[in-house]
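Consider the two complexes below, in which subunit A is the common component and subunit B and subunit C are the respective partners.
And now, the complex of A and B:
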């Protein structure tokens, strides 16, 4: 019969159409019974990005925001540890690996010098990331041997001018890093502690 | 996987003594043919030895030897490994006869080699620039050509560390823009010459003057570059007789950024995120091909778990590509958005897996030499399993139910844009385009890479050679991808995800390698020449979107202008890859 295929296709769109309202009705019932909402709620967004999703699929940004997974990467930032008196102990040693590995070459580092001796010291004097050039590849974070540069989760960086990020804007505390990437931070902390312990043991053995 | 591109058992030197010699440079393979006998030998390669598919044509510039080289890669459509042959010419006058009479598939690629390297191909039917505009000064892929923002020959640049005071690239250019004028250019004396003249002249030959005693003329129509149906900034100049297409020329390069020159400035690893930006729908496939090529050069194994993860990612990306293709195809046919948005739902769920694993939805940058960047978490694997087992099969069926029998769709696609098997092979079609013309050629089966030899799946092929066949092939391919995914998810072993240590500066022996994968759009090949330095000496991408357009005129001639949009859609192009 001519038109059978058309009707079959229309059947698919009708099921979709029906599902949209059916889905909203069931969530209305859920809201009454369990208090869960389909829109503007974490469980609703999780449902809409699960394998069971049907009906309205979109997330109403910016009122609703999809949670980003831990591995999500955006413009990098510099991690600092908080010292005893609130001092910012930056982890970066200005070794320059990140600026060498950076594909679009958007990292500029001025190596720090000790004013008393004039020799280089393991700390950056200046550190720039040109956010307009950065391609968010994550190589800097991946190959940094000191866990000093990490990828951020903050993706709302739209601006009217070019965005050059100097060191002050790039520095964020280690606690922030642990907050956005808990699993990674815990794993790296452990590895660093093990390394330090091994170093200490070695030094002890050498002393003895 | 790690075996170097082998010179097959064919002994070309014995067949053509004195004309052909084996390439004996360390790390290189293949045959070097005398430039003046190229056509004769190439015909023999095609007809006697059976290498009927000319996959890639590109040039390499060797200023130190004063030579220019054209490298050809050919394959048998019945399967098997690569066949490489080359022609060498003096660098100051690189002229070679065109292979278009033997393989039409060389047409666009030879134009590209002329455009970017300045190699002249005699007897080429239409040797004009293709990616750069007419009137562009110089040939950018030559080693002595420098871009307007030129800083240093090779990355990493010395100005970044240890004394990296930030500067803006434009500040270095006197025009504060990405422009550069040739030496001795005088705007006062410049006379404007219409750069399109050559293009229009090449179409004018079809003009008819007299028809049934009435003087008629053909109409020239520019479709694009600003046209919603062209998937970006693609332009086709169409010559029309009434509504019928008489001839057509694709015009491209509006999104050209010279990916290959950037690639030659980069280190090997730095290229990885740039490959994401080729076919931005399928960054995983792009990564895959590049990683394979570099791994061949390095001669390293890939960790087994990583191989499985690679296959999972590549097949997921194929499913979302084909879904989007079906949706966009229907957009081109005028069924605006309903199928496209259905497809986007599934794509979104697949991209969620990429985001959780690779860190980014589209620009995945996930593959490393010898493995992948990070492991797939249990959570991501569970999500993938759920999708593959519970959701995607039903959704592919739903797309099938929605579209396949639809009478409007069938009447618009069936019998349109016909391409015979011979023409498809001759014009170097690959991927679904080739398989829809009745040639069951799938690199995953014909020349297996990674762990594809461990999976049970069918190579989908249809004999019809029309647009409907192209549609059916892609729908069925999604089912086969799901089949591969099911097996891969079942078999995936535990273990490391990188065969060596993570390193940002890889050591690579001098030599050449050609790595290719069956990307969703066709054969995606990377030809890399290394001279032992940390940066590739030559880096060439064999882009399926680009080469699949060689047959565009063939597909369109005789059809109506309204169908051009659908025919172009059925080829499945992405401008990021087409223009590179």
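And now, the complex of A and C:
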């Protein structure tokens, strides 16, 4: 009443304003003692995102980026294994399960053919994802039986025209996948190795 | 843009004059002013609007780019962020808003629905992409794009504005006004006014097939 609420509100704003500079000063001291920075650094973002933050907490986007969680998903990409002498062994077999489950139908695949025999081979000749239709649901990665298509973390895809991603742009190495999703990649690798071991044991038993 | 970039006229300045003269083009000044005060139109269509609001709020703070003033009236806005699903019922209103915006005006298709229709691209009630009606300057994929992805799009738009020239942009050209987009009519289905001649000729062709005419 009588404008007290107004003053109270202004007080809150003033305290935040003051806190911003007070925090900057305390972090200046921290920078001298421990080398930690309040801005443009991982520990700074972690502090400003925590409940202990005081004052300004803006993420200054182009210079610093909020780290995304492991399960964050954006446009899918194709995983390839790096073979000997830098050969790209793509995991995709062009089975077409991803394009069938895709709710907005944004994936299309052209199956590859063997040039010598003219028969189809389990490898895509062309692979397109219309990034402007993709709804980032992750069904393709969920359903893929070969761990060949995975959801990316890269969200900086704005463009001046419609974005149709061809295979060259979609292909990323397995090491990149292990980098952005370490837990998932480790789990899948383990499962694949167990499966291969079981298969080898079965073949051995059949041979004996 | 720092001062060095502002003073790149494309002319050779003699070394002894470098600190005394500043040659710049009007374009640079214009673009600098324009890109530093892109005011978006305040309207949202669907879930992308929530991310747009998040980008506007204090964690991401578009005020750092001079975009803090979301104008509720198209007369004061420079940028139209089409944030969300564009239904056929909404398109006439969006096109009218676009026509009411003063030049220079930019359109950003934010998210899958506005860019291409997204999951609803074959729906009976959804326009498969706002680019069917409006000239889109920038497409931001994502469903929805995170605030950082949206800001990446806005930075790309600023880069586009930097490259513009007053003598070449479409709204300062002489002749017919190419900017006005005819407002589509919503009847039982959506009618794009620009396609009426095509539709009429097709109807005439179908009602009077050449084979019958000969017989």
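Basically, the second predicted complex is superposed on the first by the 185 of 208 C-alpha atoms of A that agree within 3 Å, B and C clash if a C-alpha of one lies under 4 Å from a C-alpha of the other, contacts with A are read in each partner's own complex, and residues count from 1 in each chain.
In the analysis below, a residue touches a chain if its C-beta (ideal position, glycine included) is under 8 Å from a C-beta of that chain, and two chains touch if they have at least 3 such contacts.
Quick caveat, the model's predicted, so the values are computed rather than measured.
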Touched partner set for A:103, first subunit B, second subunit C, both or neither: both
Touching partner for A:200 - first (subunit B), second (subunit C), both, neither: neither
First (subunit B), second (subunit C), both or neither touched by A:57: both
Which superposed partner A:2 touches (first subunit B, second subunit C, both, neither): first
Which of subunit B and subunit C A:191 touches, first, second, both or neither: neither
First (subunit B), second (subunit C), both or neither touched by A:162: both
Contacts of A:131 with subunit B and subunit C, given as first, second, both or neither: second
Subunit B and subunit C contact sites that coincide on subunit A, given as residue numbers: 57, 103, 130, 135-137, 162
Residues on subunit B engaged by subunit A in the complex (per definition of touch): 155-157, 159-166, 168, 266-267, 269-274, 338, 342, 345, 348-349, 352, 355-360, 363, 365, 373-374, 383, 386-387, 390-391, 398, 401-410, 502, 504
Residues of subunit A defined as touching subunit C within the complex: 57-62, 65-66, 74-75, 103-104, 130-137, 155-163
Contact set on subunit A toward subunit B in their complex: 2-6, 8-9, 11-13, 16, 49, 51, 53, 57, 68-73, 94, 96-97, 99-103, 105, 107-111, 120, 126, 128, 130, 135-139, 142-143, 151, 162, 164
Subunit A-facing residues of subunit C, complex: 58-61, 64, 109, 112, 115-119, 121, 129, 131, 137-143, 145-149, 151-153, 155-156, 160
